[in-house]
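Paired with chain B in one complex and with chain C in the other, chain A is shared by the two complexes that follow.
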Partner chain A sequence: MLQILIQGLLLSGLYALIAMGFTLIFSIGRVLNLAYGAYLMVGGYIYFWVSQSLGMPKLIGVAVAAALGVLMGVLKYRLIVKTLKGDHVAVEISTLILAVVIQAGIVLVFGDSSKILLPIVPGVINVAGASVTFNILIATLISWAILLGLYAFVRLTHTGRAMQAVSMDAKGAAISGIDPDRINLITWGISGALGAIGGVFFASYTQLSPSMWVAPLIISVAVVIVGGIGSILGTLVVAHIVGFLEVIVVATLAPELRGVFTMLLIIGVLITRPQGLFGREEL
Partner chain B sequence: MSYLEIENLSAFYGKAQALTDISITVQPGEIVAVVGPNGAGKSTLLDSIMGLVKIEGDIKLRGHSLAGRAPSEIVRHGVGYAPERFNLFPYMSVRDNLMVGAFTAREDIQSNLEMVHKLFPRLEEREGQETSTQSGGERQMVSFGRALMTSPELLLVDEPTIGLAPKICHEIAEVVRKLNKDYGLTVVITEQNANFALSLASRIYVLESGRMQTSGTADELRNDKRLLEAYFGGH
Partner chain C sequence: MGLRWFHFALWGGLIAGMFLLPQVVSNGTLRTMIFANYLAIFAISWDVLSGRTGYVSFGHPFLIGIGAYTTAILTKRFDIPVEISIPVAVVFTMIAGLLVLLPALRIRGSYFALVTLAFMELLYQLVQVIRPDLTGGTRGMSGIQTLTRGAANGYYLSTALMLAIAVSMWLLMKTRLGTALSAIGMNEESVRGSGLSTTRLKAFAFLTSAMIAGLGGAFYVHYLGSLAPRALFDINFLFTIIVAALLGGTSTIIGPMIGAFFMTFLLEYLRPVLPGAERYFVYGAIALLLYMYQPKGIVELVKRGFKNLSKGRTA
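Let's look at the complex of A and B:
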């Protein structure tokens, strides 16, 4: 029982970090960024290349991955989302195509075999009888720190309030002197960074492979659909629902059913409460 | 040179033309009202000044053209806007709504906040309340307050009395007068309520079906029974 509680808390922290960037874009830009999983994949691979292939310090690897995530987010907004402004179906299809193109690029550069990413922080600790790797523990702590930092940024800074304002009423934001285009650009940049950092920790928790973008995308979609229009606190709560659901299913039923119940949860919420559990347009 | 000069303005929503060949001048320190029935194009006129609508023609503020500028730039030029539908941020507190208005005027936050609280003490009392839970009158106050937080010289107010109780309408009229007299703001206000417009503005433009019908001073219009009958229903 305690093992489930600890594993659930740790996995949920990681899922919250993974889903945050996705929900930010959905809340502010109203775009389901289906290439989001590819940010995670690229983040993981870039970290692998910098820290394991080049042998540079791990922090540099995380920083390069985050920087590339920002670049991917910004370029995608400028080149695709802004160009196809207003046509959500076209944006979503093009983001999905982009994910497949990025996957092909990864195969070309790194090959199609899976790679083991060494733990960012090696070692195991025993917590109340449950063995916990430092890697997932650090991932969870960093995830919480990033989410708290993001919460403070959104609530306390002018730019953060502007992000909330654009998500709630774009016209109201514009007549307050906010340039929604610039706020969207900043949001896509932050989302890219969060995705890439999430990808580093996700890859170190699982492994690197060219198809690794699918699972975090499903987790992110689940969090948005189950939570409704994304808020930071809502994302945190729903990430815990999804995380604990997986841990309980793996511990009590079968590891093969890990993602199945998340899918069923999505369908169940779509049928019974299409607006999601929270469904408020706030960050 | 007028303070605000609108020359041969036409406005469009896609292919639909909402305003045709509108010309208006506003002098510094004036209160000018634009009156007309529903669908006359009053809100479109203010949206055009704010850069929210595609236009032809020109809009000049202090001689500088606003045409083609983004709303955020127009706000930086000293234009504040309290729209008819408020366009507030429903899940943010009153204070946060006001702080969003300060996005381009951060150095004036304290003085602007004091002004807003002086004009609308209720906003200070309820600064932590979400605007989604407020009454129409309170939201109107927040909308005014947010516009004032942008440090405007020109305030655009779109149908401030619509759906509000007479007492609140009276309070709003008092606030507009104070902003004009005590704080030196130039005001352009749109209204369906002719009495409200006549009591407040020095000059009035009458708009109908997207075209300018007539204009004059409040006294001229008040004394013209034909015009009163035609455009203000005989009030």
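Let's look at the complex of A and C:
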């Protein structure tokens, strides 16, 4: 029982970290970024390259991954999203194509075989019979810190409030003197950085492989759908629902069924309450 | 219906040309053409639903997979002849199409795309766990009965199937029903305002799309003789289908066909130049650039080219 609780909390923290960048883009840019999973993958691989192949300090590895994430987010907004001028279907499909291109690029540079990432923070602690690696513990703590920081940023700073305004009504925001283009650019940058950092921790939790981008994308999709758009706290709550659901299913039913209930949850929520559990009415 | 003599001439020419092809080209090219034919069937199926009505489906492998798995299980595990198993597979796929329709009655846009993606992922995980003695679990199935022997026969079968589907869909889209489906993609509210039942129209589009997907999936698995969950319920497979339809040109029949042949042969011609995984890199990049340049696809590019030519002549 206690073991389920601990594992559930840790996994949920990781999931919240993964899903946050995706939610941000969906809430503010109104775009499904299907290449988001690819950001995570690139973040993980860059960290691997900098810290394990080049032997640099781990913090620099995370920083380089985050910087590259920002760059990818900004480039994508400038080159694809802005060029297609808000045609949502076109943006979604081009991000899907981009994800496949990035996957092929990763195979090209790093090869097809999967790689094991050394734990970012080594060490294991025993809590109530459950062994908890420091690695995932740190991931959970960082995830909480980033979530709270993001919440404060969106609520308290001028830029954050401008982001909220653009998310509600881009035209109205523009009339009030906000440049929606700049806000979108900032959002894409933040989302890219969050994705890359989430990718580093996700990769250290599982392993690096060119097809690793699908699973976190599906988790992000689940969290954003069940949580609804425009709610950071909703993201946190739903990440816990999804995480605990998975841990409980693995512990009580069968490990192979771990993703099945998440999918059923997505389908069920979309059919009965399309605006999500915490989102704004808008469909 | 606005049929003209040149329509028949063009279709006749295409059909005759495709059936005469095995006399000219090698067996290797024929095998590539077979894959292109099946991809064209899947792309047409995607286009009937998503290209026309605007409900973008990210779960088409879900429908294709149900068709493929049904007939594979029936023939391999229960020794049911193909003449029965393929129609049963098509019926099952159509039932699954109705299942996909349920969310579409309430949601649209990005949300619909996501729920279809969830359907695909759900089936991917279920086939590996539920009754692995039937589905073959993670490793899938092999040694499924094949319908044809040799490249030429496989080519004739797949071409006949593809052309039959293409021509019947083309005729269907020429009717008022086809116009109504395209109208849903433009403005669903005004279609309802014109006194048409959008629910019925959508149900029709979903069922037609599922029927084609089921047919394609069933024949495809009887051509390959094997199937594996990761090859079928895969984002890369989905990517190929969608990109084929989009690159060729949505809301047309010839578009998805052109797209499918273009994609398959692009991949094939890249093989000698780039043997490894970098092929997919170039292939995806070409698809992305072409799509960004003209989201309406190759058909639109050709149309514009003709327009410019005729303009040049009159000027």
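The rule we apply is simple: the second predicted complex is superposed on the first by the 279 of 283 C-alpha atoms of A that agree within 3 Å, B and C clash if a C-alpha of one lies under 4 Å from a C-alpha of the other, contacts with A are read in each partner's own complex, and residues count from 1 in each chain.
The definition used in the following text is that a residue touches a chain if its C-beta (ideal position, glycine included) is under 8 Å from a C-beta of that chain, and two chains touch if they have at least 3 such contacts.
Since the structure is predicted, the reported quantities are computational estimates derived from the model, not experimental observations.
*Asks:* Between chain B (first) and chain C (second), which does A:260 come into contact with in this model arrangement: first, second, both, or neither?
*Replies:* second
*Asks:* Would you sort A:161 into first (chain B), second (chain C), both or neither based on which partner it touches?
*Replies:* first
*Asks:* Is A:98 contacted by the first partner chain B, the second partner chain C, both or neither?
*Replies:* second
*Asks:* After lining up the shared chain so the two structures overlap, which partner does A:83 touch, if you call chain B first and chain C second: first, second, both or neither?
*Replies:* Touch status of A:83: second partner only.
*Asks:* Is A:214 contacted by the first partner chain B, the second partner chain C, both or neither?
*Replies:* A:214: touches chain C, not chain B.
*Asks:* Is the number of chain A residues in contact higher for chain B or for chain C?
*Replies:* More residues of chain A are touched by C.
*Asks:* Does any part of chain A touch chain B in one structure and chain C in the other, and if so which residues?
*Replies:* Common to the two interfaces on chain A: nothing.
*Asks:* In the complex formed with chain B, which residues of chain A make contact?
*Replies:* Touch residues, chain A against chain B: 158, 161-162, 164-165, 168-169, 171-179, 280-282.
*Asks:* Taking the touch rule as given, give the residues of chain A at its contact with chain C in the complex, in rising order.
*Replies:* Touch residues, chain A against chain C: 26, 32, 80, 83-84, 87-90, 92-94, 96-101, 103-105, 107-108, 112, 214, 218, 221-222, 225, 254, 256-257, 259-260, 263-264, 266-267, 270-271, 274, 283.
*Asks:* Quick one: which bits of chain C touch chain A in the complex? Just the residue numbers, please.
*Replies:* 54, 56, 58, 102-103, 106-111, 113-115, 117-119, 121-122, 125-126, 128-129, 235-236, 238-239, 242-243, 246, 276-281, 283-285, 287-288, 291-292, 295
*Asks:* List the residues on chain B that touch chain A in their complex, please.
*Replies:* Going by the criterion above, the answer is residues 50, 52, 70-72, 75-76, 81, 83, 86-92, 96, 99-106, 146-147, 149-150.
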